[in-house]
Amino acid sequence: MKKHSGLDGPGATPAPVHEFVLIDSDKAPQDWRIDSRQLGIEIAKPFSVNLRTLHGGRQEGVSLIDIDNGAMTITVVPTRGMNVLRAVADDVRLGWDSPVAEVVNPAFIERDARAGLGWLEGFNELVTRCGYEWIGHPGVDNGELLSLHGRVSNIPASRVVLSIDSKPPHTIRLRGELKEQAFKKVDFAISSELSTEPGSLGFDLDDTLTNRGDYPREYQALYHNNFGTPLLEQGARFVAPVRQVSPFNERARGELAEWQSYRGPTEGYDETVYNLIPYGDALGESLAVLHNRAGDRGVAVAFDIAQLPVFSLWKNTDTERQGYVTGLEPGTSFAYNRRFQRSLGLVPTIGPREQRRFQLGFRLLADQADVEQALQRIDEIQAGRPTEVRETPLVDLGGV
Amino acid sequence: MKKHSGLDGPGATPAPVHEFVLIDSDKAPQDWRIDSRQLGIEIAKPFSVNLRTLHGGRQEGVSLIDIDNGAMTITVVPTRGMNVLRAVADDVRLGWDSPVAEVVNPAFIERDARAGLGWLEGFNELVTRCGYEWIGHPGVDNGELLSLHGRVSNIPASRVVLSIDSKPPHTIRLRGELKEQAFKKVDFAISSELSTEPGSLGFDLDDTLTNRGDYPREYQALYHNNFGTPLLEQGARFVAPVRQVSPFNERARGELAEWQSYRGPTEGYDETVYNLIPYGDALGESLAVLHNRAGDRGVAVAFDIAQLPVFSLWKNTDTERQGYVTGLEPGTSFAYNRRFQRSLGLVPTIGPREQRRFQLGFRLLADQADVEQALQRIDEIQAGRPTEVRETPLVDLGGV
Amino acid sequence: MKKHSGLDGPGATPAPVHEFVLIDSDKAPQDWRIDSRQLGIEIAKPFSVNLRTLHGGRQEGVSLIDIDNGAMTITVVPTRGMNVLRAVADDVRLGWDSPVAEVVNPAFIERDARAGLGWLEGFNELVTRCGYEWIGHPGVDNGELLSLHGRVSNIPASRVVLSIDSKPPHTIRLRGELKEQAFKKVDFAISSELSTEPGSLGFDLDDTLTNRGDYPREYQALYHNNFGTPLLEQGARFVAPVRQVSPFNERARGELAEWQSYRGPTEGYDETVYNLIPYGDALGESLAVLHNRAGDRGVAVAFDIAQLPVFSLWKNTDTERQGYVTGLEPGTSFAYNRRFQRSLGLVPTIGPREQRRFQLGFRLLADQADVEQALQRIDEIQAGRPTEVRETPLVDLGGV
C-alpha cells in the first residue's frame, strides 16, 4: 500500500498529469475511452480507461469505468459509491458471483425495505463501501431504523476525475467525490481515490472522510471486500496477524476452531463471521491474505490499524448460486448494529472540519512465491505476539 | 389461449423470424418503429410496433411499446414489469381510468410508504403483474413488512426483444426479462412474453418464473387484470366456471347474493372482493368473462387452473374518478397478506432451478355472438358441476 | 402581490404571448435558452431564460430553469415540485446555504427513511413547497407514518411551459403541473405559476390545488420560504401584522420575549419556532418582512390570510455550516404532525373538483426606503389591533 502524497518527494513539483473530468455537474457520463497510445505513452503493456453506461432493468443509467492497466482490468461503479465491481487478471477474478446480477442504480433501492435489508438488492461488488454515518446490521438506534451498512454505496459520485501521470510509472488515478448529506443530520464529504500502476496486479484505495459540519458526528466505516472463486474454495485459508479473534455470534462460536479455513460450497451453511483485532507493524500497517488450497494463488489486502482498527471475517460459504463468498473487511467497527458498538468503543467521532483517511491496498498473489512472501510479511507483523482466541462473542445478541 | 412452444410442430424447424433487440444492457431504449410494410409483409391489416419514452413528472424515462396488430393496439410498459397499460380496438378499450394518470417510473415509488401501500401510487394498468416473492395486502410476515402485491411491477425489464414471424400468421412476440433478486433472499428470473396475431382482437401472456437459486423459495403470483368502461357498467356481469365462491371479508359477505353482477359507479362503494376457486376443463383451462349489460361486448380471460388455481374477483365500482374498475385476477393465491395464506395452502414453493409457467389469454368479445360463444365455453367447463356458495370468508380478518 | 387573471381586464383579449413548452410527456428537458433580443423585445434590462440539467451525484437528471429578468435571477427546480432554489440580485441572495449542496433528484429520496425525515436529504431551497396531502413533523396519523412535510417537493413537474408577454411589461411566467396521485388515496393536481416582470426585484407564486377526485380530502399547505445571509444576521428582525404569537414548544417558550429578533450563528442553538396568526388587510392581504440589522436590506413576503391563515416563523440560527436560516412560512397549518392539528381546526378539507389558490409575492427590499415602506405597510395592516402573546404552546407535545 502506497500512501500517495500527490508529490514525488518533499518539496518536489507535482508531476504533470493528463487529467480528464468524466462526470461533473455540467457533464453527463458519456461513452468515452482513452489509451496509452493516444496519450503518446510508449509502454510494454498498453493501458486504457473506458467509461460506459448500462441500460435495462434496475441498472438503467449506471456508469462503469473499466481501468485496464495492461495486466488487470479494474471496474469501478461511480453510480454506486465508487465501489469496485471486480478486478480481473488473466484467469483470476477478484470479486464474486452474487445472485444480484445487475449493477443496481440506487434510484431503485429502498434501503429501509425488507426490515432494513434493502441494501441486499444491490450487493454484488468486490469492494463495497459501508458507512459513513453508520454501518452494521439493521436495527433501531436512537429511535431511527439504521438500514444495513449505511448509505454510501447507494450514493452516486458527484464528480469523477481521471488522471494519468505523464512520467513513469504513469500511475492511473480515478477520483470520485461522494456527498453524504442531510440537513441537521450530517454533512460528510468522501473523497475517494483508486490508483493503479500500469502492469501491476493490484490497486490502492485512498479515501478521505471530511466532516464539513460544525459539530462532532459519530461515524463508522467498513470496507466490505468480497472474494469468491477461484481463490475461495474448500481448503482455502485466511491468514492475518491477529491479536484477538472471537465469534460474531453463537452460530460462529461452534466453528471457532476452524476460523481460518474455508469449506467448499455448503448447502445450508449461510454464514459465519469472526471478529478480529489485527496487529499492525510499527507504522500501523497490517495485511490480510486469502489464498487457495494449493497456496499458489491468493489476494492480499493491506490496511492501517490506526485507520481501521478492527476486522470482520465473513465466511459465506453457502452454495455457489446462493453466493459463495468471503469478506475480508477492515473497519472502524464490527458488523453489529451501531447501538451495540458504543460500549465496545467502536463508534468513533469525527470533529468539525476533521478528516479521517482510509487506505487499502489490494494485490493479486499470482503464484506460490507471491503467497509465501505475503505470509512471511504477516509473520513479520505478528512478530511472535500472541493471538487471543476468545470463545464468547463480544456482543450478547441473545442467542440470535 | 395458445401455449407457444416456439415450434411449428413436433420436430419442425422454428419458423424464421425478424428479431429486434429493443432494450439491453448496452442498448438504451430509443424511439423506434417498425411496420409490416418495412418487413415486406403483405397483409390485409398492416401492423406496426413503436417504442417511445415518456418525460416529465414521475413518468420521466418510462418506455412504452405500442403493438398495433392492425385490429388492436396493445401498449406494454417494459419499465414497469412488462405490464400491459391498455389494449384498444376501435371504440373498445381494455383497461381503466385510474386517478394515477402517469405511467410512473419505479425510481419514484417507495413501496413501503403509506404503511406498505406505496404501490398504489403507480397503479393504473390493464395487466399489473403481482408477485413473485409475495402478493397480497400489506402486513408483517416473518418480521418483515410485505408491501402490497410484491415488487415485480416496479422492476424494469432488463432485456426486451421483439420478434415477428416471417410466415403467416406473422405472430408478433414481445419478450422481456425481469430479475427479482436480493442477496440471501431471492433469485427469481421472470421471462415474460406477450404475443398477438395481426388482425386479432386479443393477446396472450406466457410468463416463466425460474428460481435460479439453490434453495426452495415461497412464491406467489397474481395477475391483476383490470377493466373499466365501456365493458364495466351497471348490469354488467361476471361469468366463470366456479367450484367455490366466498366473500373476501365481512364487507363482501353482505353482497354475496349479487357477486356476479355489477353496480354502476357508486359513491362510497369502495370495493368488494370475492374469492373464487374456478373449475377447469380436462386440460386445466378455464375462462372468465366480463360482459356489458346488453351482452354484446365483453372480454374473456383464459388461464390454467394448474398454474393459477384461485381467482380474485375485485369489484371496485366506486365513482369514475375514484376508479371505476373490476379486477379478474387469477393467481396462485388470494389477496390476503401472505401470513394468512399458508394455512390455506396458497403459499406454494418453487424448488431450486425449477420453473413455473403462467399463461393467460385476453380476447375482446366484440359482439353478441362472441359473448355467447364465450359463455357457452364456460358452461362446457362447468359441465354441470356444482358451485358452492360459502358464506364465511376463508380468513377471519376480525371484522376488518 | 398581483393576482394574475391572465387577462388585461374585464372582457379584454388576452395579450399575445410567446409560449414555449420546456418539458412535456413527449419532450425531454434539454439545454435551451431564450432571451429578449431573440424575441425582438427592446428593453432597458434585457432578460433571458435558461434550462439546463445537472449531472453527477444525487442530482443526476435534475433540471434547473434560470430566469434572469435583468435585475434578478430566479432559479426554479421543475424536478423538485417547481421549488425556487434561489433568487439573486447583485450582491443580495434570497436563499440560504444548506449542508445539502446538491439539488437532489427525488428518485434518490426515501421519504420514510430516518423515521420519516428522509425529506431532509434534499432540503436546500429558497421556496420549498410542503403538502398537499399533509405537512408537518413526521409521525403516525390514522395508522400511517406521515413523512416530514408531505410529498410535493419530491414530485417532478409533468408539464412546464414558459410564456412571455409580447407587450410591456413583458411579464415572464413559468407554469408547471404537479400530480399528487395515489389510487384510492388522493388525486390532487397542482398548477403552479411563477411570474416576474423584467427589471423587478421580486417574483410571484400563484398555485392552484385541484381535488380531481370525487371525495372530499383533507389537505394542508405550507410554503417553506427560507432566508440566510446576507439578510439574516445578528440583530436582524422579523416584522409582521400579528394577531397571536405562541411558542411551538417548550424550547421556544423560553425565548418568547425575543421572538422578533435574530441571533447570529449560534453553536448548539438548533431551532426555535413561533406559531403566528397574522392579520390581513380588508382584502386578506398580509405581509411579513425580514430585514437586516441596519434596516437597509430585507425581503417582504406577501400572502393572503384567506388562503394561508397561519404562519410558522422558523428561527434556525445555528452555525453557518449547520444551516443558518430562518423560515417565513405561511400555511394552512402549523408544523405539528397532522394528528395534532385537527383539534386546532387546521386540517382543512377540499371538496370534489374544488380548488384552492395559494398566492405569494416575494420582493427584495433593496434599501432603507424599501424597508421602511414595507414596515409601514405592515403597520397599516396591523392598524393598531392588538397582538396576543400566548405563553403556552398550542399543542402539548409533552415537553418534547
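Annotations for the structure displayed:
Note that the chains take the letters A, B and C in the order they are written out, and that residue 1 is the start of every chain.
In the analysis below, contacts are C-beta pairs under 8 Å (C-beta built on N, C-alpha and C of every residue); 3 or more make two chains touch, one makes a residue touch a chain.
Remember, predicted model here, so these are calculated numbers, not experimental data.
Fitting chain A to chain C on C-alpha positions gives a rotation angle of 120 degrees, to the nearest 5.
Homomeric contact chain A/chain B: same residue numbering on both sides for under half of the interface positions.
With centres set at the average Cα position, the gap from chain A to chain B is 43 Å. Within chain A, the positions touching two or more other chains are listed as 107, 110, 112. Residue ranges of chain B in contact with chain C, taken from their complex: 52-60, 98-102, 105, 107-108, 110, 112-115, 117, 120-121, 123-124, 267, 270, 318-323.
Listing the residues of chain A that touch chain C in their complex gives 23-29, 61, 106-107, 110-112, 143-145, 147, 154-160, 177-179, 181-187, 212-215, 352.
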